[in-house]
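Letters A, B, C, D, E and F mark the chains in the order given here, with residues in each chain numbered from 1 onward.
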Amino acid sequence: MKGEIFYGKGIRELEDEHPDLYDLVKNINETVWSGNVLDYKTQKLIAIGITASRADPRATKKQIQSAINELDITKEEIVDVLRVVLLTSGMPAFSKSLQILNSVISTMDEE
Amino acid sequence: MKGEIFYGKGIRELEDEHPDLYDLVKNINETVWSGNVLDYKTQKLIAIGITASRADPRATKKQIQSAINELDITKEEIVDVLRVVLLTSGMPAFSKSLQILNSVISTMDEE
Amino acid sequence: MKGEIFYGKGIRELEDEHPDLYDLVKNINETVWSGNVLDYKTQKLIAIGITASRADPRATKKQIQSAINELDITKEEIVDVLRVVLLTSGMPAFSKSLQILNSVISTMDEE
Amino acid sequence: MKGEIFYGKGIRELEDEHPDLYDLVKNINETVWSGNVLDYKTQKLIAIGITASRADPRATKKQIQSAINELDITKEEIVDVLRVVLLTSGMPAFSKSLQILNSVISTMDEE
Amino acid sequence: MKGEIFYGKGIRELEDEHPDLYDLVKNINETVWSGNVLDYKTQKLIAIGITASRADPRATKKQIQSAINELDITKEEIVDVLRVVLLTSGMPAFSKSLQILNSVISTMDEE
Amino acid sequence: MKGEIFYGKGIRELEDEHPDLYDLVKNINETVWSGNVLDYKTQKLIAIGITASRADPRATKKQIQSAINELDITKEEIVDVLRVVLLTSGMPAFSKSLQILNSVISTMDEE
């Protein structure tokens, strides 16, 4: 399912213990990723941009992995996203995100 | 020129007083917006997502105006960007950005 | 309804144009504010703390107004929230939020 | 003493090297946590909300540990705090904080 | 007194209503601005950098006004601070802060 | 070269793959660190303040290492920067940055 990238162990355990929260998380994911006019890939690129601009390493890594694995988004396309991150958010966020991108790519190459 | 949206009065005055900074700003804009694989429109949607996710009203407004005026990006497309903002950044950023979007649109309708 | 504080004009217009997003916003509000063990008032104090710590004037003002009008939360209680904001987020967020609190209170006294 | 959660090694070393800063840190802690009307537990829940909303893993973990160990705050109560984090700050902050909560709880169960 | 820039109306009213908080604010200001080795001016430049990097218009304006009025810090020096803001925080924070700087300067010229 | 602190592996790989981005990064670094009136050391102290105020551990560590190694900035001077971080950004950012400073210093002592 779209957006399952955020379903870590914590979210999955909600299903038993807090079904109202689990249903809400599902509802958010289904509604958010079903853009009326933009396709899933464009929305995914936007999500990478937002998490990368916050220099949030965990979320950035998850979004990049999901983008490459599920949607065949290329390294080149993500570098173009990071150009916008450099502009809007400065060098530390750009540099850290580039490092995460390279590390995700090289882990895949090893597999 | 692409990215001129950020050329407020402050930036333009740099041209005389700090030409090294002015040239840098131009260099950043030209390099960032010239994605190798993503088109300008997709990069612009990403920029809207990042500024909206920070609940930065001034930059969000400028990006939305530029998107609509220069690139014929539609309200629908921006709402799809804001879906990702709701997911990644919560209700206050979503609600404030939606308000900015509506206000930009209604100002245009009046003209 | 709880959480209606965020239903600005932008959200209300979603009802016609993007009913899926409107339903999601309602779902989020209903689920979030229905804590299993904490009461609405405690959750509201937490929301004030979060928005104040971000020095987000619009959301802080809305949360404080809602707290005072709907829940009879006192100025003293909000000052105690702002103590935690001072600790976790520093002087500018504390000082700005205190100013917002005073301005909300004095507007009410005039009415 | 209340607030000692922040007294890591760095702060304790201040006592010898920068006694003015050490006294200030003590003064901040004593003043902040001594709310006039809210009890310590409610202020602690607010502190969890603020640190969790920033997706600051170190501070969130410390606040949650302190809440459970010193104040017998329950997992359920913290989940109710995280509901407000989901609303105000989005899914990545919610998901990461839930993971930290689960990890703190399971470490305690092992002891 | 150093740091009085943050003593807006809200802080001053604390003196009667919450003297413990007022004394804490004074204690913070006196301790923070009394660097052992850096002079007040350098600390002030750092404060401008931090508030400008957050694109916090209110605090940035206050810090810049205080820097120019109390410490004869020049426009050139603040532009050099903003260079670091551009690097670490991106174009929107740089552009907005530059605008604030120009507006503070031109208000002074009019007086 | 000034600012090479940000030239992690990710940035260096840009030289072959995205020379336009690599040249831009160089241009940013050269322009930013060449203040007209402030010296490199003061600009470096400002950069530490900004990264520390964001509680960004990776960038804070890099800036502190660079400050000590390249510019003989002392622990005392950095503590004075952190005073401003405590004021503007609160205890968690102050406490985390102090920990990073101590850890950088003690790693150096071991060498």
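Going forward, a contact is a pair of C-beta atoms (placed from the backbone, for glycine too) under 8 Å apart; a residue touches a chain by one contact, two chains touch by 3 or more.
Predicted, not measured: the structure shown is a model, and the values here were computed from it.
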{"item": "Pair with more cross-chain C-beta pairs in contact, given C-E and C-F", "value": "C-E"}
{"item": "Same-residue or different-residue interface between chain A and chain E, half as cut-off", "value": "same"}
{"item": "Averaged-CA centre spacing for the pair chain D and chain B, given as whole angstrom", "value": "36"}
{"item": "Length of the line joining the C-alpha centres of chain A and chain F, rounded to whole Å", "value": "27"}
{"item": "Inter-centroid spacing, chain B versus chain A (mean Cα positions, whole Å)", "value": "21"}
{"item": "For chain D, residues that touch 2 or more chains besides their own", "value": "18, 21, 24, 28, 31-32, 36, 51, 54, 59, 79, 83, 86-89, 91-92"}
{"item": "Residues of chain C touching chain F in the complex", "value": "86-93"}
{"item": "Chain A contact footprint on chain C (complex, rising order)", "value": "18, 20-21, 23-24, 27-28, 31-32, 34, 36"}
{"item": "Contact footprint of chain B on chain A as seen in their complex", "value": "3, 28-29, 31-33, 35-38, 42-43, 45-47, 49-51, 53-54, 59, 74, 76-77, 79-81, 83-89"}
{"item": "Partner chain C, residues of chain B touching it in the complex", "value": "55, 79, 83, 86, 91-92, 95-96, 98-99, 101-102"}
{"item": "Residue ranges of chain A in contact with chain D within the complex", "value": "6, 8-11, 13-14, 18, 21, 24-25, 28, 51, 54, 56, 58-59"}
